[in-house]
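Take a look at the structures below.
Okay, so subunit A shows up in both of these, paired with subunit B first and subunit C after.
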Partner chain A sequence: MNILVFIKQVADTEARILIKGDNRSLEIENKYNLNFFDEFAVEEAIRLKGKVKDSKISVCTYGGKKAVEALRTAIAMGVDQAYLIDNTDLDTDDPLITAKILAGFAKKEGFDLILCGRQAIDDENGNIGAMVAELLKIPHVTAITKLEVADDKKIIVESDIEGGKETKEVQLPALLTTQKGINEPRVPLITGVMKAMKANIPVVDPASLGLSRELLSRDASKIKILSYETPKGRPAVKMIEGETPEEKVKKLIKLLREEAKVL
Partner chain B sequence: MDFTLTEQQEFFKKVIVDTVDKMVAPKAQEIDEKDEFPWELWKEFTSLGYLGLRYPEEIGGMNADKIMCMTFYEEIARGSVGFAQSVIMNILMGTYFIYRFGSDSIKERCLYPAMRGEKIATMCFTEDQSGSDLGATRTTAVKDGNGWRINGTKMWITNGPICDFCTVLATTDPSKGLKGLDFFLVEKGTPGFSSGQILNKLGCRGTVTGELVFDNVWVPEENLLGEELGKGVNYVGDILDEVRLMTGAMALGIAKGAYNEGLEFARKRVAFGQPIGNYQLIREKFADMDTLMNAARLMIYYGAWMLENGMDSRLIAAEAKMFATEVCLKVVDEVTRIYGANAFAYEYTPQRYFRDARFLLYGGGTHEVLKDFIGRSIIGKL
Partner chain C sequence: MSKDIFVFIEFKDGSIRKTSFELLSKGKELAEKLSSGLYAVMLGFDTKGLTEEIKPFADKIISVDEEALKEYRWDTYTDTMEYLIKKYSPYLVLGASTITGKDLFPRLAARLDAPIVSDAVGIEVSDGEIKIKKPIYGGKIISWVTTQNAPISIITFRPNSFSIEKRQINGEIIEERIEINMDSRVNAVKIDKGGSKKVDLQEADFIVCGGRGMKGPENFKVLEEIAEILGGRVGASRAVVDSKWRDYEDQIGKSGKTVSPKLYIGCGVSGALHHTMGMDTSKVIVAVNKDPNALIFQYADYGIVDDLFNILPALKEGLKSLKQEA
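And then the complex of A and B:
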């Protein structure tokens, strides 16, 4: 099985992020990770490879030079090959453009199954997987929590729904996005780390993916970020003192009425 | 001059940071509280293959350069120094002599299993009356048939009470002082070899440290580790710079761990209506700590780079160990001040860093001994 995994390198959840003076760009502390949900996709691909004979996993990201680190992480975990689609000349705010580029890469590379995280934890768009599937005209299931191979043309997936689980049969080729709970991503072995350190990671020019010149032009983006602002700081927590729980509740109700004015 | 890490070194650092954050750091407080060897963590961590860090790929190692080794030592100590000590003992001192001088059969029996974490290694220098003063070593090894008979007691042995084998320093000719010292391999189960008192330590808890007793222990000739009799102290010299730089890197790791906690606290803790990080006196602490840690890191990396390139690193290694440890002591102290009274409570982490830092004063040479060595080397014989 030819498995393709799309990943994204995102700022660490603990990285300091500041809004630059123009209010339209961010200054991010140099702490980046493989996106939380994409780690599940990489892990699931590796597990699948262990079950299905003659499988090959390629991982790909559309990002800057720094993103090579996230690709190497995937190789250290057990992926066979990695590709960087260089976004240096076209860092777009429009997920549809990213999806078209990734779909272009998938067409060129060939695949039986595409896996990616359900969403990136930086922009939280959660639409790349669905858009790529649509562009490639293949079925897709979002946020799967279980994956099993039925035969070489079919897979069975499970996803959470309100109050239960839903099981679906999907024809290959297909695209699936991974949800927390599907697996526990591995910590790389040193042999994987060494392989990753030596791995040659080809840089793919978006222009080589058979996409129109208009799509790759700077004004192709239909979405533009106008500004960023930080959430307002929360007021300090007020501790409610009192001898008994009853007394504390009375005070709380009084405060909710008179100060918070929610009752 | 190029101070950048290569892309490979950066990647390795990222992997080890993530691995320590995921696997080691969350257990640090528990390891310290229980003060028991964390067998489960040992199995989980060593299965990743890091114990072969500095050995060639042909024998299952990683062949990491010295900069990468320092990164590893720093990061694992940042996670838990109690655990780091045991790991580093297997990586460096505990296996160095058998890697260099061990026969094929010794390597099969001891080195390779130790690189896989299946056997626990240690090295024994220190005795109750001698540490940095190796010339005062009282453990003896006397020729007996086709082997050697060892008698003596070693103290302060990291991993000692749980080790599967040890490299023990003994005098083969007490009349020659430093020139009469040699190394011997002693394996668990050898008659007369036992572990004695386990030390109850102020810091680095979780590492089992204690006494090893050699009571008429006989080992075959093969277990004498070295090419020439009486060269033991020279062999110590060959590894000493790396050990000192490693100790400095561990100090930096403890400092970084404490610093990170202090930074988080200073950003969140509110006093007099604003986060304490807004006050100049707290900012000054971070300015000082960051400056000192950067200086220490540069010294350690410089020493590691010299070592990697076969240059004479004796002075820089001693200076880096001493400086980084003093920086560590300063940083852990400042962090306890930033934390205020909370630092005095066992349920918070600053007290752990504060206690752990003390141990690095002694490992790799006390600062009194190091200063004397550095000063003597600079001034020369007058």
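And then the complex of A and C:
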């Protein structure tokens, strides 16, 4: 089985993020990780390869040169091949453009199954998976928590639905996005890390993916950022004092009713 | 060019979801500013009764009542929405960033080659231009974005982003009959709707969240009781979910759900960044923790430093008598 995994390098949750003077761009502290939900996708691909004979796993990211680190993490975990689709000077605020580029790469590479994360934890869009599937005209399932292979043309997946779970049979080729709970991503072994350090990671030019020049131009974006701002902070906390728990609770309820007006 | 607005309606367990009424309320306000019409779009099967519930809130209600739409599927719903959008040419399509919304709208956006802004929390119109408010990086930054070069834009909003306004529009119902084909490449084999917990965590107005300080799964009973009195839901930190005291669907935070209830009460939650990113858009935050230096107090409006095992029973009784008075 030919498995393709999309991964994204994202700013660490703890990274400091500052708004630049123009209010239209951000300065992000140099602390990046492989996106939390993408670790599940990589792990699931590796487990699948263990179950299905003659499988091959490729990962790719559309990102800057720095994103090679995330690709090396995936190699250290156990994927066979990684590709960097270089977005230097091209990075876009429009997820549909990112999706078109990833779909273009998938078409060129060929695949039976595509795995990606449920959402990137920086923009929290959760758009890419379903978009790529639509562009490739293949079925998608979001937020899967279980994956089994029925035969070489069919898989069985369990996924989140409103308030519950659904099990579906899906014909390949298909795209799945991974949710927490599907597996426990492995921590790379030192031998894996060594291999990753040495791995050759080809750099792909987005212009080579059969996409129109207009699509790659800066004006193609249908999303425009107007400004960034820092969220309004809360006023300082009011600590509630009292002799007994009952007294504190009484004061709290009074404040919630009369001051905050939420009860 | 039309500036009409579509609101995609969701329902669950036989009633319209609260988030859909929120979107209809905001949608009407926008439609008035744009001098356009508000359409509620209702896909499903056997939805007559539900359609009636929507009438006061929209100028027109498009109802597609077909057996093939009984359960949500990306294929049938994307096809139907595409058909309706091409027929009515709305300017904005508004939906909720629920599990269904997150599955449907990106696919629909790619189908229509339309811009999408997901998981937004606000929208404004000035001089005919829309401005969408969207938190990024776990709420550390608020971005204001707009769409361009596009006749139609899709926006999904977090539940609890808008208040519900009572209206009496008594909109006209338009019944659309469409031939719908299911994609044979996907077959549902089992649907487990779960023990229907009354309120959806992301839609709840009141959330009582337990952290590791709750000490064990058995102690969540008092949180359940408080949630019940308030008509809300119990949430949990990741430490609690990882210890298997609660299910993952209860998890609030960066790797769980993002919630913005009217009132969040954190009990024995330390307030780690990964957790607060999922709840700091709550209107009012209360923290109960025995450690006066706990981080959560930096995010809270009201704090109580005490043993939660003393506070929670008192809180339950206090809220109970409040409810009896009312």
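Just so we're on the same page, the second predicted complex is superposed on the first by the 256 of 263 C-alpha atoms of A that agree within 3 Å, B and C clash if a C-alpha of one lies under 4 Å from a C-alpha of the other, contacts with A are read in each partner's own complex, and residues count from 1 in each chain.
By our rule, a contact is a pair of C-beta atoms (placed from the backbone, for glycine too) under 8 Å apart; a residue touches a chain by one contact, two chains touch by 3 or more.
What you see is a predicted model, and the numbers here were worked out from it, not measured in a lab.
S.K.: Could you tell me if A:Lys51 is touching subunit B, subunit C, both of them or neither one (first, second, both, neither)?
M.R.: After superposing on A, A:Lys51 lies clear of both subunit B and subunit C.
S.K.: With the two complexes superposed on chain A, say which partner A:Met197 touches: subunit B (first), subunit C (second), both, or neither.
M.R.: first
S.K.: Between subunit B and subunit C, whom does A:Lys108 touch in the aligned arrangement: first, second, both, or neither?
M.R.: neither
S.K.: On the superposed three-chain arrangement, identify whether subunit B or subunit C touches more subunit A residues.
M.R.: Partner with more touched residues of subunit A: C.
S.K.: Figure out whether A:Ala11 sits in contact with subunit B (first) or subunit C (second), or with both, or with neither.
M.R.: second
S.K.: With both complexes superposed on chain A, which partner does A:Lys20 reach: first (subunit B), second (subunit C), both or neither?
M.R.: In the superposition, A:Lys20 contacts neither subunit B nor subunit C.
S.K.: Does the superposition put A:Pro188 against subunit B (first), subunit C (second), both, or neither?
M.R.: first
S.K.: Mind working out whether A:Leu256 is in touch with subunit B, subunit C, both or neither, as first, second, both or neither?
M.R.: The answer is second: A:Leu256 touches subunit C but not subunit B.
S.K.: In the superposed arrangement, which partner chain does A:Ala76 touch: subunit B (first), subunit C (second), both, or neither?
M.R.: first
S.K.: Does the superposition put A:Lys153 against subunit B (first), subunit C (second), both, or neither?
M.R.: Neither partner.
S.K.: Which residues of subunit C touch subunit A once you look at their complex with the stated criterion?
M.R.: Interface residues on the subunit C side: 10, 12, 72, 74-75, 78, 97-100, 102-104, 106-107, 109-111, 113-119, 131, 135-150, 153, 183-194, 196-197, 200, 248-249, 254-256, 258, 262-263, 273-274, 277, 280, 283-287, 297-306, 310-311, 313-315, 317-319, 322.
S.K.: Name, in rising order, each residue of subunit B that touches subunit A in their complex.
M.R.: Residues 7-8, 10-12, 14-15, 18-19, 22-23, 47-50, 52-53, 57, 62, 270 of subunit B touch subunit A in their complex.
S.K.: Show me the residue ranges of subunit A that touch subunit B in the complex, using the header's touch definition.
M.R.: 33, 68-69, 72-73, 76, 187-191, 193-194, 196-198, 236
S.K.: Quick check: in the complex, which residue numbers of subunit A touch subunit C?
M.R.: 11, 13-14, 17, 19, 26, 36-37, 93-96, 99, 119, 121-135, 138-143, 156, 160-171, 174, 180-181, 219, 221-231, 234-235, 237-240, 245-246, 248-250, 252-253, 255-257, 260, 262-263
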